[in-house]
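Inspection log for the structure reproduced underneath, given as structure tokens.
A, B and C label the chains in the order they appear, each numbered from 1.
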Amino acid sequence: MIELKNITKTYELNKNDKVVALDNVNLTINEGELVVLKGASGSGKSTILSLIAALSKPTSGEVIVDNKKISKLPDNFASVYRRDNIGFIFQKYNLIPTLSVKENIILPLVPLNPPANEIVEKLDRVAKMFNISHKKDAIVRNLSGGEQQRVAIARANVNDPKILIADEPTANLDEKLSLNFIEILRELKALNKTIVIATHDPLFFDLDFVDREIQVHNGKIIL
Amino acid sequence: MILTPEVLAILILNAIFAFFGIIAFVLSVRIFLAWDLNSVSQSQYILEKQSFLTATIIKYIFVIKVPLFLFFIFTLDKISNVLTGAMCAAGVVDATVYGTYLFMLKILNIYIFAYWLVLHNEDIKHENQPYTKIKFGIFIVAFFLFISELILEGIMFSSIDIDKMVSCCGTLYSSSATSAISSIFAIDTDVLLYVFYGNFAFIILFYFLKQKYLFAISNLVFIISSIVSLIVFFGTYIYELPTHHCPFCFLQSDYYYVGYLIYALLFIGTFYGLVTGFVKNSKENIIKNYKISMLFNFLYVILLSLYPIVFYIKNGVWL
Amino acid sequence: MKNKINVYLIEYAINAILRQKSKSFFIVFVFTLLTFLLTSVFFITNSIRYELDSTVDTLPQIIVQKIKAGRHYDIDVDAVDNILEIAGVSDAVARVWGYYYFANAGVNFSVVGIEQYENQYKNSFDKIASKFDLSEIDSKVSMVVGHGVKETMHDSYYKEYFNFIKPDGTLKRVNIAGVFEADTQLESNDVIVMSKDTIREIFDIDESKATDIVVKVANPEEIPMVVSKIKLIYPDTRIISSEDLKVSYQNIFDYKSGIFLALFIISLFTFFIIIYDKSSGLSSEEKREIGILKAIGWRVDDVLKEKFYESFIISFFAYTLGVGFSFAYVYIFQAPILQNIFVGYSQLKTSFELPFIFDLQTLFLVFFLSVPIYIAATIIPSWKVATLEADEVIR
């Protein structure tokens, strides 16, 4: 499903100063698998996520998703790949606070300009799934933290992506909301989604439905 | 020198075009020389980003350029009030030696820019972006044409002499004149009409045969045969005057601005006709282009044919 | 091109504009002010030009003046007969008229002489000839004045008659026979009509002389030909055709609005820089937003399109607003302050309303001078935004 082959990623800070974020990483994630990437901040786990999402390109090596080499996609096609395959759950929800719940959720669909009934259909599906239907027209700014979290997850799922990527999803949540999130995660896993989570929150360790925990340290995977 | 607010507006926009055009040109050269989609180097990555800017600039110039072209004709019409002897844009175009070349260059450039955009749209549909080098190469050439257009326009406006008497379209477009334009009046009207309608018949024929190269070529010929027949024959029916042949006057309000419709139909029809032959395209797109081309060419022929027919019904005679 | 308009994207763009309240407000304010000023200037000049054009239209087609030592001089009345013989000339009349300076009120009157049996070269004079008995005006030494003129005289307590001061210092008393209806306001405030004999007496003009000769030509196309023929017979004359006047008016106004345009370009340039600067300075908030959009699958082209919608909506809105304000300012409130700049050419103390002229071309002109330039200023900043590294959102 997801394959990282000999990935090296360096960031050029300036001409003489390079930072190696990933160093010859090999990783395979199977379909329907839930993988937790553990490690301190700066260890390279976020870089792995951004490579899987084709948000950045490796310095060398290949990223292959569904037998498609995505590490060399032109920018526009990388976006299309994300739109169709990846659902993103960010650290701080990353919603647009002045828009309504509905407008936030359909954001990934906007550039496609689909017919109104398709939008309504997709919106209703995820709004129901994540229990936010009753707040569809509320402005996001006025919602509680838990509601905002559900909106963010609904947005990530609006295109019914095969892969979900979560970057420190509980970093800014209190314990109750974090546990909430884990329950939602359990449901998503049941839908046979491939899920990759980068976190250093101990709540995720030793969960019964996590397939694998991978330690990332200094740009290398420690098995 | 003539400096009406309209001319000044055109010159300001030209300056902006030139500024952005030069940026696009420099980037195009870079991309043309160093583009390598397989490379993962930082420089290729920057080029990819810059290709977006270049395409945006070219789109911008084209989108403004088309209405500005109409505004340009509008402006010429207005200047014709100031120039002694001129009745419409034709007189102004003729007022300097540059006018005719500028006009042709403008039309050519609109075709080229439109072609570029079609190519660009096709290019970004494919992951391997097969036309990137070609399209920026084309822009490098187009840039020089475009800049010469801008320069020529500046020269034309600065060399119009208000006090000089110019020709009115009545003398420019008449069989008695000696200019190059007037030589077309030597062609027999019947022959011309056979050519015009025959040409159109070929377009229909190749449309059904789906011969895309022949279709494109007959569209190319159609541009010429339509304009000539418009001047020599159809124009007189628009004006209902056997001696008035001007291809500009019907752009004025007296004729309900019908000229803009006529030229728009002709441009869209022939442009998509050319595209079928000159741009590689997916099958459904080709069929779509065929249809657009056919539809607009058809409307053009209908519209122009209606003028003499209505005239005949109303007056019972031909001009 | 082929896609239908993306309502959701427009909605998003409008939201984005509203989100940045102070920035958007600033842009709309400055932009509206600029288009408002520019449109107003064009509207005013168009209206004045229209008023002048219609004045010029009431003027004779050709005026023949004698020039001596570079100055306007009285012309021989005999010349009329010679001009009448030129083919194409349908009428020629010797005019006797002049400016009379009324020191008390500090104004100039145009004093014009007419005669009963000649063809009148002006509509309003035709009306006078049919309304008043010209022979009576002649015998009783009286005059017909415009409304404005009558009021001016009234203010100086001349109700029944008016005393003209002749060149030798003696007074010439002329009765006010009535008021005529003028075609334009300029005319009403300015013109006095009386018999030619009375004017000759007031200005001390010889019987055989006239101020100038006006010529009527049946076919307007033949005017240039007639002009050249008159020039041939009388090389010592200056010949003015109404066409010439129109062209020079047009030039004067194009020149005046050209100066404004030059000022406008400078402010536009400044504006361009400000916009460039404003749209380049991205807050971390905005960067984050673009990052999110790209992460959830917006293409660079989508972001560019959204940015284009934003700048088009905001600039077109401000343009419409500016044009709307200027409509109200010029045609409802009669353009206070600005009008004076353009009407300041005369000491006639004339006042007139700006007639409503709807000119599509002006709207296009202002459009081309504002919206595309604004959009141009946002091209590079938008591109920078759209190609930002998106992976920053997950770092």
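Criterion: a contact is a pair of C-beta atoms (placed from the backbone, for glycine too) under 8 Å apart; a residue touches a chain by one contact, two chains touch by 3 or more.
Treat the numbers as computed from the prediction; the structure is a model and nothing was measured.
If you draw each protein chain as a dot and join the dots that touch, every dot ends up joined to every other dot.
By number of C-beta pairs in contact, A-C leads over the other of A-C and A-B.
Taking the mean of each chain's C-alpha atoms as its centre, the chain lying closest to the overall protein C-alpha centroid is B.
Put simply, the chain farthest from chain C by mean CA position is A.
Spacing of chain B relative to chain C, judged by their CA centroids, is 35 angstrom. Remark: chain A and chain C have CA centroids separated by 65 Å (rounded to whole angstrom). Computed centre separation for the pair chain A/chain B is 50 angstrom, with centres defined by C-alpha atoms. In chain A, 75-76 are the positions where the chain touches two or more neighbouring chains simultaneously.
Each of the following residues of chain C touches two or more other chains: 300-301, 387.
Shown for chain B are the residues in touch with two or more other chains, namely 49, 52, 124. Those residues of chain A lying in contact with chain B across their complex are 12, 57-60, 71-77.
Interface residues of chain B facing chain A in the complex, by the touch rule stated above, are 37-38, 40, 42, 45, 48-49, 52, 124, 127, 129. Remark: chain B residues 3-6, 8-10, 12-13, 16, 20, 49, 52-53, 56-57, 60, 64, 67-68, 71, 74, 78, 81-82, 84, 117, 121, 124, 162 touch chain C in the complex.
Interface residues of chain A, counted against chain C in their complex, comprise 46-47, 49-50, 53, 55-56, 75-76, 79-80, 82-84, 86, 88, 90-91, 94, 96, 98-99, 103, 106-111, 113, 119, 155-156, 159, 167. Contacts from chain C toward chain A in the complex involve residues 3-4, 6-9, 11-12, 15, 18-19, 288-289, 292-302, 305, 387, 389-391, 393-395.
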